[in-house]
Amino acid sequence: MSRKPYVRQMSKTSWFLTHSRYKHYILHEVTCIFIAIYAVILIFGLFRLGQGPEAWQGWLDGLRSPLGVIFQILAFGFAMIHTWSWFKVVPQAMRIQRGESFVPGNLIIGAHYGVLAIISLFVLILAGVA
Amino acid sequence: MSTRTITIEVLRYRPEQDQEPFFQSYTVPCDEDWVVLDALNYIKDELDRTLSYRWSCHMFVCGSCGIVVDGEPKLGCKAFVKDYGDKIRVEPLGNFPIERDLVVVIDDFIEKLESVNPYLIPKEEKSIDDGEYLQTPAQLKAFKQYSMCINCLLCYSACPQYGLDPSFVGPAALALAHRYNMDSRDVGRKAREDVVASHEGIWECSFVGACSQVCPKDVDPAGAIQQTKITSAIDYVTSFLPGGNR
Amino acid sequence: MDVINTDIAIVGAGGAGLRAAIEIAEADPKLNVVLISKVYPMRSHTCAAEGGAAGVIKANDSLDYHFNDTVGGGDWLTDQDAVELFVNEIPRELTRMEHWGCPWSREDAGTVAVRPFGGMKVMRTWFAADKTGFHMLHTLFQTTLKYPSIKRLDEHYATDLIVDGGRVQGAVCLEMSTGKLKLVKAKAVIIASGGAGRIFPFTTNGAIKTGDGMAMAYRAGAALKDMEFVQYHPTGLPGSGILLTEGCRGEGGYLLNKDGYRYLQDYDLGPATPEPVLKSMELGPRDRLSQAFWHEQKKGRTAASKWGDVVYLDMRHLGEKLINERLPLVRDLACSYVGTDPVTDLVPVRPVVHYMMGGIHTDIDAATTIDGLYAAGECACVSINGANRLGSNSLGELLVFGARAGRHAVEHIRTTKPAADKLVEKQASDAEQRIKLLFERKGKERVSVLRNELTHSLEDGCGIYRSGDLIQATCDKVSEVRDRYKDVMLEDKSSVFNTDLFQVLELGAMIECAQTVAVSALERKESRGAHQRLDHVERDDVNYLKHTMAFYNPNGDPRIDYLDVVITKSQPAARVYGAAAGGQHI
Amino acid sequence: MARSSKAIPWLLFAGGGTVTAFILPVMILITGLFALFGVFSGALSYETMQAFVGNWLIKIILFGILFLTLWHAAHRLRVVAHDFGIRADTGVAIVVYGLAAVGTVATVIALLSV
């Protein structure tokens, strides 16, 4: 018997560079790295807050340092990518059926951006007013 | 009818002769309304009888003719040459072993399809004499999209998780399980859960979404899988609660 | 050679084959079934059926209506005992499909919806949008997965039946991935291998519809019945031959000639009302509509397009919502293949070869004249379709007669003793030898050339209208091709997925089928249903109210014989369509 | 095949993904704007923050956000590791979820210390 199926191996470490849709995917996957670091910074900030005004000030200074600033710009970018890519797929993961038809995906996505705006505004006001 | 001369580069692999696949070019005069499959048929009839590929319906419904055209998984009968340049690259579907030329081995998929109990499991058998189960148009629509899969396997070709780990049950089979789970006449979700909610099932999917992007029938397997994750995860957690059955 | 022992072998895993397999598995789970198919089951051409399946369920309908429509639609060449049984059993079969999960389109109350179809007096066609066959096929295939007794040989090409001592003993098939020959020994064999539309150049039929099973049975001694009746579907897309379902007209689409005129009213199908009326105008039977196209073409009233002459299908007035809901595939196909959107544009169409009314002769139990051999589906001729099949009757036929074939095959092996089988191995090795020979021989005829000549000759001589001299020319051509086929060249010598080999074998089957079509057509000197002769324009019930039976002759034209039509309660009469037919308004 | 326990981290991942999608941009905006331009410096003063975080409701909300964010990130990191070709999934899972657990405990301690 002369069957001899040929298996093409996919590169385990660089497959995501082979197509633009995989690049997009990996881009939103790596947002978690920045999100994780930012969360750690926040937790650290809470510690410093408990340790008194100087410690807190030190933390604030850290935010202000060039490294801190650069990191936050990056983190903001990736957070936005995360938000955008997350909202984009909500209609796939959660279909809402009204009668026979489904609520159009764009409406669901739009609603999410609406809520995002409200939450952001609320937090900004809280921060500004408090 | 106007024709355009196109170079079709086909990935050839003849197991009895070749150690590995190679590209072979054919010059094909294509009519403007041809699909890539027509060009392959031209090659087979006029240029090279030894080229092997699958096809049947020529109307994107039998699912035989999945190939990769210029890097993108496509149905050969739905890839119009007018949408491509003067050189078109045709390869077998990715992530499957190549049997020969454009023919890939799909036994693995067939086993997976069989493994998800893809048939109606009704609450109680109704006698034929009592007529049909009632199902409103809205209930029909709830699962209809997931019943449109033609098993063309473009989604498996596009899904990197399947490429990285072939034990993954994969998009089409999971979408089919979802199709029955969502059917108002069916109560078989538990029976399917063992495969569907296993490590190799929905949890192997990282929502790359490529499957839905290449699907020629708008089945949206990615959506089906995410929806299944939500219900399965809730099931899993509630099974630990008092009264939950594991 | 590998030998597989089983109780029942089924050749073909389309609608008919799958239905038969389930019937056997349910009748007796201890029986082993081997399901042989040259493609994976879900690739079978049943998947291409769009419009629907007719069966009486609504209160305004009656079995008699369905009976009368079918018998008249078939121009009284149908066997009325078979039709009666068919119309009685089909509603249960369709309901059973529903119980297996088939996603039939629904009415608001949750009951199954029906749509109008050509030649039917009342709306009775069950449908699943415009992918009825697709959903039926997948439902059946997926349902077979419940039964462990069904063993599949996917991508196995059946080449020969083994018949010994007048009894079928099994089949020989080639495993496509290895080129290995396997002998499947069985006590009964069911052929469900589908039609042979590929013997024509312009057809709605998929590549696999090459009449293999018909030819296998024919070579083994079974008769091919009524092969001259070839259905042209009036609305195929020009160029590709892709079908636009009759559902387009059922939902209210118009057929227009190049002047925008609903020309069918000139052919005893009128009056032209804006709303569809059953059995009238666009909802007339397919033979009449295709013939009307031919006449329009002769009168110069068809439009010229880059794909040849066309008429137009006008669905613009149906609106986007209805088209998306009920005819989404049609829209997709029309946009993709001819670049016209039915919502806003006229879609060019022309008649295209669609269905073989003829096939392996069987009785109402799906039994052929060979002991233990059954046939069902498009490859068989029971006959419920007579001289012209009504759209949406064949999906039902698959179920009713697929199930019957299964049931009676089970009965057969229960009641008959095993026969001597001394020649089985020999026949199998003969089959092997023939294939070996193909590999060794240095032929000089190219498959594609022979196929081209064959199919075009059939179109020339056995088209919508035929005449003695043209058919004779086709008969001659087919004989010539048959001779040259003996010298056909196998260019690919590989044993792995050798599609050259399968095309050579398929061409062999096509030639046999084509020859029965041409010779049967030549001998039938009358016009009836889809068989219209310019030199014999009248129906001739005195001489030709009979089935043509073609028998294999290895050295020349088939031997033609005739068999009386079974008439029970409907005496032959004039076929009436249009206002006089009393079709229901929609 | 057995049902996978991945359901639980996945729920946290999904919940966390949603929460972070809504809240993180504005939070980074606030800390970032402060860092860059000193906007909100009043709001971020030691006293205000002490009072703010001192509130039990706020503590709970902050815990919720941080907890979900950590687990969201941890689970996705596990996937990223897999995508980058690191096949020791169990090991990776232990590390990332371990870190998330440590982070969770740290969050509790930090919040209680204010």
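Lettered A, B, C and D in written order, each chain numbered from 1.
Please note the rule applied: a contact is a pair of C-beta atoms (placed from the backbone, for glycine too) under 8 Å apart; a residue touches a chain by one contact, two chains touch by 3 or more.
These numbers come from a predicted model, not from an experiment.
Across the two interfaces under comparison, A-C and A-B, the one joined by more C-beta contacts turns out to be A-B.
Mean C-alpha position of subunit A lies 56 Å from that of subunit C. Chain centres here are Cα averages; for subunit A and subunit B they lie 30 Å apart. Subunit B and subunit C have Cα centroids lying 27 Å from one another.
In whole angstrom, the spacing between the mean C-alpha positions of subunit C and subunit D is 63. Multi-chain contact residues, meaning those touching two or more other chains, occur in subunit A at positions 2-4, 12, 16, 29.
Residue positions 79, 83 of subunit D each touch two or more of the other chains.
Within subunit C, residues 177, 494-496 each touch two or more of the remaining chains. A complete list of chain pairs in contact reads A-B, A-C, A-D, B-C, B-D.
Taken together, the subunit A residues at the contact with subunit C in this complex read 1-4. Note for the complex: subunit C touches subunit B at residues 39-40, 42-45, 47-48, 92, 95-96, 98-101, 103-112, 131, 134-135, 138, 142-143, 145-146, 154, 177, 206-208, 239-240, 242-243, 306-307, 329, 332-333, 336-339, 447-448, 491-492, 494-500.
By the touch criterion given at the top, residues 17-18, 20-32, 34-36, 40, 43-44, 46, 48-50, 52-53, 62, 66, 69-70, 72-74, 76-77, 79-80, 83-85, 87, 103, 106-107, 109-111, 113-114 of subunit D touch subunit A in their complex.
Every residue of subunit A that touches subunit B in the complex is listed here, in rising order: 2-8, 10, 12, 15-16, 19, 21-22, 25, 29, 89, 91-95, 97, 99-102.
Residues of subunit A touching subunit D in their complex: 11-13, 16, 26, 29-33, 35-36, 38-40, 42-44, 46-47, 49-53, 56-57, 60, 63-64, 68-69, 72-73, 75-76, 79-80, 82-83, 86-87, 112, 115-116, 119-120, 123-124, 127-128, 130.
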